[in-house]
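Notes follow once the structure below has been shown.
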Amino acid sequence: MGLTIGVDIGGTKIAAGVVDEEGTILETHTVPTPSTPEGIVDAICSAVAGAGGGHEIEAVGIGAAGYVDDKRATVLFAPNIDWRHEPLKDKVEQRVGLPVVVENDANAAAWGEYRFGAGQGHDDVICITIGTGLGGGIIIGNKLRRGRFGVAAEFGHIRVVPDGLLCGCGSQGCWEQYASGRALVRYAKQRANATPENAGVLLGLGDGTVDGIQGKHISEAARQGCPVAVDSFRELARWAGAGLADLASLFDPSAFIVGGGVSDEGDLVLDPIRKSFRRWLIGGHWRPHAQVLAAQLGGKAGLVGAADLARQG
Amino acid sequence: MGLTIGVDIGGTKIAAGVVDEEGTILETHTVPTPSTPEGIVDAICSAVAGAGGGHEIEAVGIGAAGYVDDKRATVLFAPNIDWRHEPLKDKVEQRVGLPVVVENDANAAAWGEYRFGAGQGHDDVICITIGTGLGGGIIIGNKLRRGRFGVAAEFGHIRVVPDGLLCGCGSQGCWEQYASGRALVRYAKQRANATPENAGVLLGLGDGTVDGIQGKHISEAARQGCPVAVDSFRELARWAGAGLADLASLFDPSAFIVGGGVSDEGDLVLDPIRKSFRRWLIGGHWRPHAQVLAAQLGGKAGLVGAADLARQG
Amino acid sequence: MGLTIGVDIGGTKIAAGVVDEEGTILETHTVPTPSTPEGIVDAICSAVAGAGGGHEIEAVGIGAAGYVDDKRATVLFAPNIDWRHEPLKDKVEQRVGLPVVVENDANAAAWGEYRFGAGQGHDDVICITIGTGLGGGIIIGNKLRRGRFGVAAEFGHIRVVPDGLLCGCGSQGCWEQYASGRALVRYAKQRANATPENAGVLLGLGDGTVDGIQGKHISEAARQGCPVAVDSFRELARWAGAGLADLASLFDPSAFIVGGGVSDEGDLVLDPIRKSFRRWLIGGHWRPHAQVLAAQLGGKAGLVGAADLARQG
Amino acid sequence: MGLTIGVDIGGTKIAAGVVDEEGTILETHTVPTPSTPEGIVDAICSAVAGAGGGHEIEAVGIGAAGYVDDKRATVLFAPNIDWRHEPLKDKVEQRVGLPVVVENDANAAAWGEYRFGAGQGHDDVICITIGTGLGGGIIIGNKLRRGRFGVAAEFGHIRVVPDGLLCGCGSQGCWEQYASGRALVRYAKQRANATPENAGVLLGLGDGTVDGIQGKHISEAARQGCPVAVDSFRELARWAGAGLADLASLFDPSAFIVGGGVSDEGDLVLDPIRKSFRRWLIGGHWRPHAQVLAAQLGGKAGLVGAADLARQG
């Protein structure tokens, strides 16, 4: 099979990219993300047409946030778009005249990393994506494992604190409330509020107020050694690593891949995560340890993964 | 392939059973469990010989508590026997002259239930075994998933309470401290101590003291409606169901099978677990729900599963 | 001393009442609560004038939500009004020409119950007020204990769940997130959402939707035996009783008084709280147990208590 | 009044000391701690006689671990001695012919610090004693507050982690399981086990094994900058400071005094506790902050405090 198109539906833009079988993106086309479900279908088709023109495309893979059913056809529920049992595959296939595969976006990103990124050479890999929230994907025996009904690998919503923080999903204590970009900002704000004298660098990078603290400020401040920023990353890592230890008890993969915006910080965040992982790993003296690797494809993982899943059919 | 032998290594006895390809046990032989590693190898061989005499046996499967390596040959670590990197497969093969497969006992039991018990007809099944502790096994795509290094499915040791109860594994807050037979007894003792006026039936079934409360008393008292016993089962179910909800977020199986001594109580314990599972399931309105089934093979699941795994080679 | 006036500043109205030395309210006058700090001072004075006309008044006591300083003069911080270091005593004294005492409203309510309600005859009493939030007051040795700086007895903000629910105070896991009217509604909504078949009565009392559930519906439904409502009260009681057990370890009072809207439900909520208190009380076999009593003055406790504190000077 | 004797009942020895009204110890006499209740009464009397000979003594104060009743006469329950409703005051008075006051040992130590140590000049002080366990005492309005039944200030047993670590008291999640000398050793062992490469200094100070780690090694290693030791103190401080913040919400004292073996480490442990206290203090921007002071009397606080309480009668 030759070229396929991967589509990544983001909060502000929809990107379509032509991808070859080596995972190389030959051409991309992006359009703004509309606000209505029908508008989004239009935009997807428009992006596909924009990217695919002049190429011989064999299939389209779409990565979408939310629950995708076991046939990889219907979005059962999307958190940010008003999709409820949306037959996305059928709608797009009718419009673009190509086979379409729909996949959860974190699953697609995991597959991308497994095939062309940090996961190459591993048969059993768990990817976690630490962005605004926390998602992930499961590869066991060189296959993406989607669960019986398509909604596996919802890592962000395992309960790590009984009676803990309220989550957008309606439950409490979900992992993504403690190990995500949003959590990082909360950690920094709480600490800057309690001990402003340790947050000088951090506050100086923004507008000077605690409310003005943003994720990028925390990363930069941590690099400069700002105690509040360093401590906030340590807290994030404490929860991320402990969760990976749980996933090791469950899945026992040969590698974890940590992606999402947080992984862009590299060892600044990965080293504390690795340390925390070792701290909490059960039976660590008696078992080989999974590696904890940084993702390699950055924001392209989902698009590339979706394209490759479409190629595989 | 014809007949195989499954071996179950228990705390007090070692049972070997001749099993046909329908999962039927044709003959069993049990010997007491010795205290030394070498003694146990002797006992295994003796049990195998005792059961297999007069049958044409093609292979032997051994279920052992602990970490078993990815080659299903070596016990990396056993909690109750002094096995550390014990090459059990080689030792037994040399003695019995048959191919041997070693498997974690909870994995073997999961496989038994999948093949011949409650899991028949399901491709993706998660089994949990609630006995003294809590173990389990993972079947995805009709295969037992052992992890890259053989030590997957250690369900009992995911952390459900940060800074929680100390576990025999050295960590804190492990699920098996909250959802196991031992936990049930703790719940009952704490409640009987605080409100003895609600524990009359329960105390009357034992020696009348809180310290004398045993698991079997709690089951019987719950059946008679004793408030402390009922409440203790409800607490166990609260934790068991919440953990299943986490496993649903991760694995999305079509069914959970609940085995171990606790499942012998049937709906007395399964109904509260089902209720708690629904209470904590994420996104329950938007996804098909996994069934929560009682195991069917009872204490034979491990032996039958080990025999069948040996048959599969 | 003869008559004094107590003032209760509520979210929608400000009530002033003339109170005699037996705690009897002779006359009350209420005005709507304005939105600005200065407007509220005006309204307080207007209410005092309205109630006091024709009576010989000797002092005024004002109960206000928030931190009141050690001189009972300045509101350091109020959660719902834009008061920051507001010299309320001076402002009102200048206007009404009477001695004024400012007190935290939950402290005032505690004092009211101690003097004229459920606390009569006790020297050492802890009051908790379970309303929308959770507050309280401390009487030790027949005196209201305000702390060195005036801000003691902030019961609602002790941390009962590390990394728990976000609180309006900026911290996490505060007791009032788990034992308050707001918590009760959350419990009911979560349960109704997960198991609507057990919430029929509850949903029928409102508009039929989970979002439409209100506190009054839960009380009524619990009285009718609706499982979700009963279970929600039990959850509230679980946290309330466990917290009282902590307060018993700290203060060892002879009685706890439970007031606020929740106490209006009487034994429907008090019995589960008592049971939970006993469940969690440390060393319960070796110590006398504090009584857990329902408040007797209802919504008048704060006004009466403030008036009496003013009388005491 | 002139001289009084204070008695401190320790696990290995019983010390009696003659104390003047300035809190100065003029003479001490120690005897080994017997194992039986009656033996201990004998030993107390013997120690009193040994210390008091040649002095004119007016009263005896005894500090004892456990619940002491409201009459300061009877030990209701002692954790380490087989005392249950033991009329200690009467027994010793009959033998020594002097008025006797019995007090909880942590209360006595708190009183000692308030009168002659770090608490001088404060009217409202909370003392916590971080030794093997965690205890404390409450001074409000210049009086020791013992509760209605004598068993107040059991700080170590407030619940800081629901479903947390099992405590010797039978409950779970008690503060002393997280902020005590025993907890510190647990933290160090867990960390040394997980990351031995960061525990070189710590392990080198003992016998080289994780099991051999003792409290004194952790202090010394922390002073040398050993990462595992420093991190263990930080974890202790995290819990100690958060608990102090809760006590500030409840008692609002002008000062906390931190005593017990842990306070011997001075700012090594107090600075992280202060930082954690500020981190968790509710409403810290709007209220004066209590000071967190190191105890000054060391192991003598209980003896001196008991003697002074006897003097006060």
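Residue numbering begins at 1 within each chain, and the chains themselves are lettered A, B, C and D in the order written.
Following the convention adopted for this analysis, a residue touches a chain if its C-beta (ideal position, glycine included) is under 8 Å from a C-beta of that chain, and two chains touch if they have at least 3 such contacts.
In this text the structure is predicted, and so the values were computed from the model without any measurement.
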- Message: Considering only chains that satisfy the touch condition with chain A, which of them also satisfy it with chain D?
- Response: B, C
- Determine, using the mean of C-alpha atoms as each chain's centre, which chain is farthest from chain C. B
- Task: Could you put a whole-Å number on the gap between the CA centroids of chain B and chain D?
- Result: 45
- Task: Go ahead and note the Å separation of the Cα centroids belonging to chain A and chain B.
- Result: 34
- Query: Where does chain A touch two or more other chains at once, residue-wise?
  - Reply: 161-163, 170, 190, 280
- Query: Within the complex, which stretch of chain D touches chain A?
  - Reply: 162-163, 190-191, 194-195, 275, 278-281, 284
- Quick one: which bits of chain C touch chain D in the complex? Just the residue numbers, please. 67, 76-77, 84, 122-124, 138, 140-141, 143, 145-155, 157-162, 169-171, 174, 242, 245-247, 249-254, 280, 282-283, 285-288, 290
- Item | Residues of chain A that touch chain C when the two form their complex | 161-166, 170, 172, 178, 190, 193
